[in-house]
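Next come two complexes built around subunit A: one with subunit B, the other with subunit C.
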Partner chain A sequence: MTTPFFEVRALSVSATSATLVAPVDFAIAPGRSLALVGPSGAGKSTIARAILDLLPRGLTRRGSVWLDGVAIHDGSGPWRARRIGALFQDPTTALDPLMRIGAQIAEVVRAGGERDHRRAARIAIDALAELGIDAPDARARQYPHELSGGQRQRAALARALVLRPALLIADEPTSALDVTTQAQFLAALDRRRGTDGLAVLLVSHDLAVVAAHAEEVLVLAQGAVVERGRTTDVLRSPQHAITRALCALHAPSAPRAPHHPSDGAPIIATQRLTKHFPVAAGWRTTHTALHAVDDVTLSVHPGEVLAIVGESGCGKSTFARLLPRLLEPTAGAIHSGARDVRALNGPALRRWRASTQLLLQESAASLDPMRTLDDAIREGLRLHAADAPHTHDARVRAAADAVGLGRALLDRPPAQCSMGERQRAALARALVVDPDVLILDEPTASLDAVAADHLLAQLAAIQCARTLTLIVITHDLGIVRRLATQIAVMYLGRVVEHGPAAEVLATPAHPYTRALLDAVPGAAGVPIAGDVPSPLAPPSGCVFHPRCTRPDRNDDCTRRIPPLLDIAPARRAACWRAAPALPETLA
Partner chain B sequence: MGRAAVVRLLHALGVIAVVVTLTFALARLLPGDPFASIADHPSVDAAWRARLRTTYGFDEPLLAQFVRWCGAVLRGDLGYSFSAQRPVRELLAHALPWTLLLSSVALTVGGVLGIALGSGQAVRRGGWADRLTGSTTLVLASIPDVVVATAVLVLFGQRLRWFPIGGATGLDGGGAGDVARHLVLPAATLALLVAVTLARFHRAAMVRGADADYLLAARASGLSRWRIFWRHALPNAIAPTLTVIGVLLPILLTGTIFVEKVFAWPGMGSVLANAVLARDYHVVTAVALLSTTAVVVASAAIDALLAWLDPRTRAR
Partner chain C sequence: MTARLRRDPAFVLAAAILGAWVAVALLAPQLAPYPSDLQLDLTRLRESAPSAAHWFGTDGVSRDVLSRLLVGARVTLLMGAIAVGTSLGLGVLWGSAAALSPLWLDRLLMRTIDACLAFPRLVLLLSVAAAFGQLPPIPLAVVLGATGWFGTARLVRAELRALAERSWVVAARALGAPEPRILRRHVLPALVGPLAVAASLALAAVVPLEAGLTFLGFGVRAPAASWGSLLAEAADRPDALWWMVLFPALALVSVVASATVVGDRLRRHFDLGDRA
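On to the complex of A and B.
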């Protein structure tokens, strides 16, 4: 064994009164990857920032960091980005919104010693190209908000790697990304490990990512290492309780059996539902339209759990907002039993909205910061419940109990609660008015693995107890496996596949569904390339054709839009090549 | 883009029309008229009094007066100032350059000082310099303008005699040097008032943005603190500050009455104060027209600047 290449010796972090991270030692060899895992608050990110010497005010680090036998600290000359690159969690905020992508990378090149502005700009574009970003020249001239989340994160990676550092510290680099963009990103990272011998320190709460992309793992809990070793060994036979708990979260669960086929009327049925957002184009009123939801015909029966999956930008959230009519559809119909939802107004519309509750993705932002949780939960009752106010106390408490929200928390404002507690309060607020349908938009996106697991368990219990109908918007196939009885796959505003969860997961009919399943960390498939095209100008014919890898795709795919057709009992897909023996009349 | 500009222009013209109409009506609701002090004396003959008012059209219905005034304004005639005994246009043409000089110097100096103070405070937030500056700006922002102006006048004008106390006459009187000497005290007072307001807003904006991930990422990218400040922290925090400047701009044009009065600066503030006291309708309405136009132009300019700074607002 030669001397370790990157080494951390007795690194600890303390605040004035408490130790946040107990002394930790580890080493990473070139081309290798080490993961720090643990529940939130375990000190993973603190260690990452301590290595970079970028701790928040009031925190001090002890111990030393060594690279190639030389101690690295603030006095040892410029080393950030040159020797140690860093990448932080949220691609939406990691880049300066006011500066072009190319300029943000070029300024790092210039800080690294390049004097010539033109050459710096050239190097920046090459760095983008190297990470498989298409049209890097055009991307370099764009601003962060003009790029998708995945493109932004790859641009941030290009900046972190442009000076060819020996080590990359990546703090939850893919937590905010779709499963497909996550797969593309991690594949790009693995390539750099192979070609440049880049060492990677990966901070993650996602054991599936860790299992596939890190050789070694350190499990942390409350600022101390509780277990360490080769990833395969640690995950196969976890020793510590925390590690076992984390592994249990990621044990693949069998998909749920389809809900008893109900012959009754669907509780929500949409017909050719469409939402286009007008986009002002110029001087004369030439409008183009953003095709958010296109021609969606779906029905949900009482007691079903329908998961709507797809990458971001596929219209899932817009569809969720159309159902309670928080957005008005451009065309199409929504029915509930015999009721025409689009014709409702006044009190009838309010009753419809009370019975179709929407839980928004950002729980932190969906609760009024000036009100206590009790207030927030009670408000729905004041608006919708017919019974006397003195019964509200009991109903608020019952809702809080149902979601496992401690009563002591009810008197607190959201700011004094954790993300998990806030999300449960938002859930209690939705449940307190006794809805028939609950729509959840990425319910666990802002939660760590433990809090997410807790919320999903509660949701499953509530759904069974009340025979609630759930519509879950998600890009996380783990949630789909755990909760869904039915799956609808959306791509660019259209439903491309719909059917019972177990069958769709086992035998995906549409190439896009296949691609989503292949992108799950550790899956054998090749991750799908490219990004979702702009909904301002959807591709002709089958909207998926530019990314489709089916060998038997043909001219039909580029010319004609495939309808969503029955391919098997209870299963539908919108693919010219998936439909078995199309009747001649339709072709 | 073009369409939005036209809508914006129509909107602006609407604002100007409403403000001018209100000012025209409100000025006439004040008891008395431009001749109250001379014509209403008991010794003045009633017939002559009536004839005087008929001559100048003050006996007509308010609406007729307004229509006539609007017609005149559209022809470029702002009316006549009875108290100053000269056309309103001449009066304003004389006062406006003085005000523009004073407010532009005060805004530039105060703007730079305020942004520098606020930025410095934010960079060293929590330290003694931040707290000292914070309490000083709070005290100065709380004291009425006129007190600050008087204190500056007494200290630097009367006691120390560094600068003249008032009575600026113009280039033909004492030359550029004289104007500059007279400018120092009122400009410094106004600049101070602008700076304390801006410093408070700017510090808050900088502190709010201080935890942004892109600043952390910039530090992790090895950029110098100086570059991070100039290219990332400052541009991202400047929007609220620019908005405040947009609000201050029209106030500086007419709202500097106290400072102009204290330092006997012959600008728009002095003109407006005299006109209100003398019920000089035409002057009051003309100043309202001018200042409203300034508000509208200033807010359009600031919006354009914000759009240029922030690509996200440009896209919409």
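On to the complex of A and C.
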């Protein structure tokens, strides 16, 4: 057996009073990938930081780290920086907002010994191109805020890899990305493992990612390794309780059966709903419009769970805010039964908002920091409940119980609660007013896997118990599988496919839906290339045509906008090539 | 005030010093060993250095400096309070008017502020003094406040704009809360922190400004005393009359430093509360 080229021996981290990470040993061979998994607080990131010597002050590291047979110690900073690349979770903070992308990468190149400025800039652009970033010359001249989240994370990866390090430490590199950009990112990483023999230490809570992109896995809990081995073995027959619990979270659940509503009126129906944001362009303010939501006709029946999916920037969150009229539509109609929602105002509008509750994205931040959770949950009752205030205590407690929020937490301000607890408090606040419809915008985005699982289980239980209608905005197809009875797929402000969840997931009709399914970690498909085009200038014709891979796409696709048409009973798709039975008269 | 601030020794000490000065100002006539404007003995007690009978010495017309310092705290702190109140009031009104206005009016209001900020405050004050001559203490304090609210207006406008976008404000709207209630319950309380900070920093700016104006001859007129007037009397011979410079200056420094510390700690406190 050859000496492993990256090795960690008896690495431990301790604070003055406690041991945070018990001694751990592992090794990674060139081209291989090892994953550290475990619940939050297990010490995964601490190990990654210990290797990079980035521990917060007050923590001491023991043990040794070896790369290519050389021990890395505190004095080996510059050498380590060349040999080990690092990538952290948040692509927005990893890059300097005041520096152009190319300059940030070139800076690293020059730190690595390149003297010639122009050559450094050239290398930076090549590094971007190598990671599949299109128009790398233009991107290199842009600032981080001009790039999408996925592009930013790939630019950060380009910077981490530009010196051709032997090892990359990636701490939750894709947690902030949606499923298609995650797939592009991981594919780029796998390519570098193959071509350069890059070794990867992957820190992740997502077992689906780990299963597809790491050969070996170390399961940590409370700072100690509880299980280790080949990824396939560990995930197939987990031994430790923690591993089993993590695996259970990721067991694929069968999509829910389509809900068969009473043929009553839809509880919310939109007709050609449109929201354009005016954008001042240049001096003399020639206004252009950002097409956030375009021509969306959707209906939701009582008791349905509609999942709206799509990449970030597809108008999902804007659509969610249009329904309770937190944003005013530019055009189109919203009806609830016979009610015209756009005509409501004053108290009637406020009652509509109460009956159509929106749980905001990052709902944990939606609690007033100066008020206790109890006060937050009670607010809806003070506003809307007709009954006497003394009955509110019981209703607040019942709402807290329903979402699994301990009563002891009710008297605390949000700052003293975890993200999961705050999220549940926001959910309780939405439920206490007994809404007919609950709109959830990325409900699990800020939660770790365990807390997310908990929240989804509670949502499913509450939805069944109350026959609540749910609209779930998400880019996580796992949530869709667990909760949704109906799916609407949005792309660049438009609904491109709509139908029962089980059918859409099994036989996607629109090429974009298929691309989303192919992007799920471990799926056999090729990840979709490119990014969502700018909603300031949507492509002509079918907005998806620049990224479409259907072999039979034709001129129609680039010229005419496909309408959302019935392709099967209860199923609609907006694709010229998906509807073989399309009557000529409609075309 | 929360437990975290109460455990912060710097904050507690600074707040105690400010509180002590307020108490001194209120009780000054009782605390002062001599009547503050009494000329004790023009032949023997002029400009005498600190002694057991006169701890802080006497001034050029044989008045007790300690007594004048204690009574002067009244004028100085009262003027400080009035000036800070005026500047906060004007700043909040102007700033919230701008935040709630349509875009063109908002721009007009804020550009006006920018223009005002371009003038140094002392120049504004001196031109008022040139136009109206010497003002009595309270109108002078109002003028002091009226030249110092531009920054506060900017702060209030920016805070209100930012708060309107905060998740919990949107969440209250989503819950069906009417706008006035959202303003009252979720926006204004969040403004208290930044305003408390602005107030303490404004006090720290105003007290030395009053002293400076008096020093230049536009402030408090004898026989009334303020810390500024005490300093002004010794201005031409500070080395010979060191006790008339040292003690008022120490008093001034203690108030300004305490107000700065209180303001800074409040700022940090509310910052953290925001982020958590």
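The working rule: the second predicted complex is superposed on the first by the 582 of 587 C-alpha atoms of A that agree within 3 Å, B and C clash if a C-alpha of one lies under 4 Å from a C-alpha of the other, contacts with A are read in each partner's own complex, and residues count from 1 in each chain.
Throughout what follows, contacts are C-beta pairs under 8 Å (C-beta built on N, C-alpha and C of every residue); 3 or more make two chains touch, one makes a residue touch a chain.
Keep in mind it's a predicted model, so treat the numbers as computed, not measured.
Under the clash rule set out above, the superposition-derived model of subunit A with subunit B and subunit C contains a clash between the two partners. A count of residues in subunit A touched by subunit B and by subunit C gives the higher number to B.
Of the two partner chains placed by the overlay, neither subunit B nor subunit C lies in contact with A:Ala221. In the superposition on chain A, contact of A:Arg429 is made with subunit C only, not with subunit B. By the touch criterion defined above, A:Ala121 lies against neither subunit B nor subunit C after alignment on the C-alpha atoms of chain A.
By the touch criterion defined above, A:Ala399 lies against neither subunit B nor subunit C after alignment on the C-alpha atoms of chain A. Once the two complexes are overlaid on the shared chain, A:Ala94 sits against subunit B while remaining clear of subunit C. Of the two partner chains, subunit C is the only one that A:Asp368 touches; subunit B does not reach it. Across the interface of their complex, subunit C is touched by residues 324, 326, 349-354, 357-358, 360, 362-363, 365-370, 379-380, 383-384, 414-415, 426, 429-430, 433 of subunit A. Residues 52, 54, 57, 78-82, 85-90, 93-99, 107-108, 111-112, 143, 145-146, 156, 159-160, 163, 280, 282-285 of subunit A are the ones that touch subunit B when the two sit in their complex. Within the complex formed with subunit A, the residues of subunit B that make contact are 1-3, 126, 212-214, 216-224, 227, 231-232, 235-236, 309-312, 315.
Those residues of subunit C that touch subunit A in the complex are listed here as 166-168, 170-178, 181, 185-186, 189-190, 273-274, 276.
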